[in-house]
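There are two complexes below, and they share chain A, which is joined by chain B in the first and by chain C in the second.
== the complex of A and B ==
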C-alpha cells in the first residue's frame, strides 16, 4: 500500500516553511543588532568586534564628521550644575506617539464599544470605516499640506495625523476585547445596582477591557513612533521624527552606523512592549 | 405619520426635514429608552466622527478641490487638466501599472507563505510556539524603511544570502546582489506583508471546526485532501480578507521605496510631484484617483466576496 505524499511529507514541509519564514524575518534583525557593534562590515559577517563607536555616533555622544547626522541633545532639567540631557529625536518621537495614542484612546474605545454592544442603522458601515485604514500616510500628508499649510508640519499636526492613521489598530484591539465580554449582562447588572449609563461605561466597562486597551495602545504607540510616510511628506523643519532620522542613516551613513540606528529602534520597540505589558498585567489589575 | 408617502416634492421634503429634526430632538432630549439608546450610540461615535471629519474628510476634500483648480496655488475655477495629464500621458500609465503588479504579486506571494505559516502555528504542537508567534509578529511594528534595510542586510552587496551564494557559486557578490532591483523590492514588500497576512489567517484558523477535520481524517482522507476539502473552505474568508489587506498595504508602501528607489510607483510619484516644482494639482489628482480606487476596490471586495473585514 502506498502512503499519500501529503501524509509522509506534508507536515514536515509546512513546518519547514514556518521555520524558513521565521529565519527570513528574524535573521536580518539579529544580524543588524550584532553588526551594530562591529567596526567593519564588508564580508558575509561583520568583523572587528566589539566597538561601541557606532552607537556613540548615532546617539550623538561622539563627534562625527557630518555632525548633523547624529542625534541632538536637549537639556531636560538642570539641578545644581548637573544637566539631565536627553536625545532630542528620541524624546520628540516618544512624545508625538504618546499624543497619538491619547487621541486614539479617546476616539477608539467609545466607537469600539458602540459597534460591539449596539445594533443600529449603518452599524456595518461604521464598523468597516472604523477598522479600515482610511487613507495611506502619503495621501494624508498631501491632504494635510493642502488643508492646513501652517499646522501640518508642527507637532500638533503630526499627532493628529498619527492618530487618524493608527486609529483602526486601536479599534480592532479594543473591539475584539469587547466582543469577548458579556457586555449586555455587565451593563445591565451595573445599571440595576443604580449606576448611571456614563458611570457604567467608565467604571465597569472600560476597566474590564483593559487588556485589549493596553494591547491597542502598545500597537498604536509602536506604529506611530515609527511612522515614516506621513512624516516624510509634511515634516519641514526642527527636530526630526525618529523614522526620518532612521531613513537619513539608512540612506547616508556607513552600514555599521545604520545598523546601530536601526538597532536602537529595535531596542525601543522591545522595551516599550515589555513595559506596557507589565503595566497591563499588573498596574490595572485590582486582584493583583 | 412622518413616514407618510406623497408624490409632491414639497411635503415630502418637509416630512423628511421634520424627521431629521425629530431625530436630533430625541438625541438632545430623549424621552423613550430607544431615544436614550440612540443618544448613547451618537455619543460613542462622536469623537471618532470628529477626528475623521477634521483630519480625514476635510483635508481630502481640499485635495480634490485643488486637483480641479485652474490655478496652481489657489482653489479657483474648474479645470480637468491634471486628470487629462494622468489619463493620457503614458508615463503615468506605466507608474500605475508598476504599482498594480508589485502590490498584486506581493499580496499573492505573502498570503501564499502566510497560509502554511498560520497552519503550522495553529494546528501543530510545536516547541516554543509562543516565541515563534512573537517572532513572526515582530516585523509588523517595523516601518518600510527598516524593512528595506533588512533586505539590504540579506540581499545587498554585503548581504548574508548574497555572500553565501557567492561562496557556493564562486561568482562575485556584487553580481549576485539583488537588493537594489525590482526583485529585491518584491522581497522587501513581502517582508512587510507576510506578518500581517499571518496575523489575519491565525485569527481565521482559530475558528476552524476541528471535529470536521478529525472526521475527514478518520474516514481515510489524506492530510492534503483534508486541507483542500475541509479546512480550506473554512479559511477562505480569511484568505480573501488577507489578500485585500495586503494588496492595499502594497499600494500604500512608500518608505521602502525611498530606500530602494528602483521601481517608480504611484506613492513615490506623488512625493516627486511635490518635490519637483510643487505640482500640487497633479499630486492632488493622483491622491484622488488613489483614494477612489482603493475605496472602490475595498467596497467591492467586501460586498461581493466572503472576505472578513479586518486590517
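== the complex of A and C ==
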C-alpha cells in the first residue's frame, strides 16, 4: 500500500516551515540583544565584545554625551557606604502604562460582560464602539490637547489616553472569554445557590474569565507602553513615557546603544507580562 | 422539600406567549417531568419556578408561601443544567460547598457535607480535582451534588442528560433515579426525551405551544393520551419500556 506523500512528509514540512518562520522572527531580537553588548556595530554584525557601556548609558548609570536626560535614580536605602538605588523614573513610566490597564480592567470587564450576557437595545452599537480601535494616537492626542488643555502633559492625561486607545483590546479579549463559557448558566447556578448578584460577579463570573482578563491586561499594557504617537503629542514635561524614552535612545545615539535600549524595553515587557500572569493566576485562584 | 404549585402562570415576551396558563402541582417528594418539543415553554416554566423569570400573570408557591416575586437567591432551589455550568475557579469540593458557604455554614461542616454527597454519588475521590479534568458524566454528578447540597425546596433539572452518550445516560438514569427517590426529592425534570421522562418521573406533564396538554403517570400518558398531540409525541418511536415507576 502506498502512503500519500502529504502524509509522509506533511508533518516534517510543517515543522520545518514553522521553525524557519520563528527563527526569522526571533533572529533580529537575538541579534539586537547580542549587539547591545558590543562596542561597535557598523556592518551587518556587531563587533568589539563584551562591553556593558551601552546598558550603563541607557540605564543612566554612566555619563552620556550631550545633554540627554538620564533615568532618575533615587536612593532607596544606604547601608555601610553602599546605596541601593531604584530607577524611579523608569518605574514611573512602567506605571503610566499600568494605570491605563487598571482603568481598562475597571471599565472594560463590565462592558464585555454586558455585551456578552445581555440582549439590549443598543448592544450592537455598544459592542461596535467598544471594540473599534477608535482613532489613531495622533488624532486622539491632538483632540485631547484641545478638549482638556489642563490635562495635557500630565501623567493622568497620559493614563486616560492609554486606556481609551487600548480599551478595545481588553474588551475583545474578555468578551470572547465570556462568550466561550456558559455565562448565563454559571450566573444562574450561583444565584440559585444563594449568592447575590455582586457576589456572583466577583466570586464566580470574573474568576472564571481570568485567562481572558489576564491576556487582555497583557495586550493592553504592551501596546500602551509602546504607544508612541499619543505620548509624543501629549507628553510635555516630567517623567517620560516608555515609548519616548525608547525613541530618545534610538534617534540620536549609536547603533549599539539603541540596541541596548530596545533590549531593555524587551526585558521590561517580558517581566511585566510574567508579573501580570502571576498576579492573575494567584489573585483569582482560591486553591493557591 | 416542599410542594410546588403553579397557578395559571403566563409569560409573554412582546407578541409571543411563551407560557400560556400553566397550572401544575408537584407534591412533596414527587418528580414531575415536563415533556415537550423545543420551544414549547417547558424551560420558561422551569425558569419561572427558579425565579429567573417573573410571570406576566399567575403565581408560584412553595407550600403555602407565595414566591412569585422572591429573587432566585432567596428561593432555595437546586438547579442542574445540561451544560453542567461548574465553577472552574474552584475544586470539585468547592463547587459542592459553594451554596453552604453562601448560607454561612462553617468550613469543616461544609467540607463534611460536600464529601458525604460526593461519596453518595460515587465520585468521593474526585473532591480535590479541578472540575475541567472530569468526564461529562462525572461533571454532571458534581452539578447534581452542588444542587443537592443546599437541601433545596425543589430540584430543577433542565435536560440534565442530553449531552451524554446513550450508555452513560442509561447508567446515570438508574443511579440518579434511585438517589432522588431515596432522598425524597421534590423535582421538576425538563426533557424532550420521552423515554427519559417515563423512567425518571412519577408523573409527566406534556407541553405544547405554552400549554399543558396532559398531566398523568407515565402509563396514563402512554396508554391513554388525552390529545392527538400527546399521542403523536409520546408514541413517536417509543420503545418497549420497562416502566419502573408503574
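Everything below uses one rule, namely that the second predicted complex is superposed on the first by the 239 of 288 C-alpha atoms of A that agree within 3 Å, B and C clash if a C-alpha of one lies under 4 Å from a C-alpha of the other, contacts with A are read in each partner's own complex, and residues count from 1 in each chain.
Just so we're on the same page, contacts are C-beta pairs under 8 Å (C-beta built on N, C-alpha and C of every residue); 3 or more make two chains touch, one makes a residue touch a chain.
Everything numeric here is computed off the predicted structure, so don't read it as measured data.
On the shared subunit chain A, the superposed partners chain B and chain C are arranged side by side without overlap. Of the two partners chain B and chain C, more residues of chain A are touched by B. Of the two partner chains placed by the overlay, only chain C lies in contact with A:208; chain B stays clear of it.
In the superposition on chain A, contact is made by A:169 with chain B only, not with chain C. Of the two partner chains, chain C is the only one touched by A:199; chain B is not. In the superposed model, A:103 lies in contact with chain B only, and not with chain C.
In the superposition on chain A, A:190 contacts chain C only, with no contact to chain B. After overlaying the two complexes on the shared chain, residue contacts for A:182 are found with chain C alone; chain B is out of touch. Remark: least CA distance from chain B to chain C after fitting both complexes onto chain A is 6 Å.
Counting contacts as defined above, no chain A residue meets chain B in one complex and chain C in the other.
Residues of chain A touching chain B in their complex: 4-7, 10-11, 13-15, 17-18, 21-22, 24-29, 31-32, 35, 41-45, 103, 106-108, 110-111, 113-114, 118, 120, 126-140, 142-148, 160-161, 163-164, 167-169, 171-172, 197, 219, 222-223, 226-229, 232-233, 243, 246-247, 250-251, 255, 258-259, 262, 265, 269.
Across the interface of their complex, chain A is touched by residues 36-38, 40-41, 43-48, 50-52, 54-56, 58-60, 62-63, 66, 113, 116-117, 119-121, 124, 126, 132, 135-136, 138-139, 141-146, 148-154, 158, 160, 163-164, 167, 191, 194-195, 222-225, 227, 248, 251-252, 254-255, 258-259, 267, 270-271, 274, 280, 283-284, 287, 290-291, 298, 302, 309-311 of chain B. Listing the residues of chain C that touch chain A in their complex gives 50-52, 71-79, 81, 83-85, 87-91, 94, 98-99, 102-103, 143, 146-147, 150. Across the complex, chain C is touched by residues 181-182, 185-186, 188-196, 199, 204, 207-208, 210, 284-287 of chain A.
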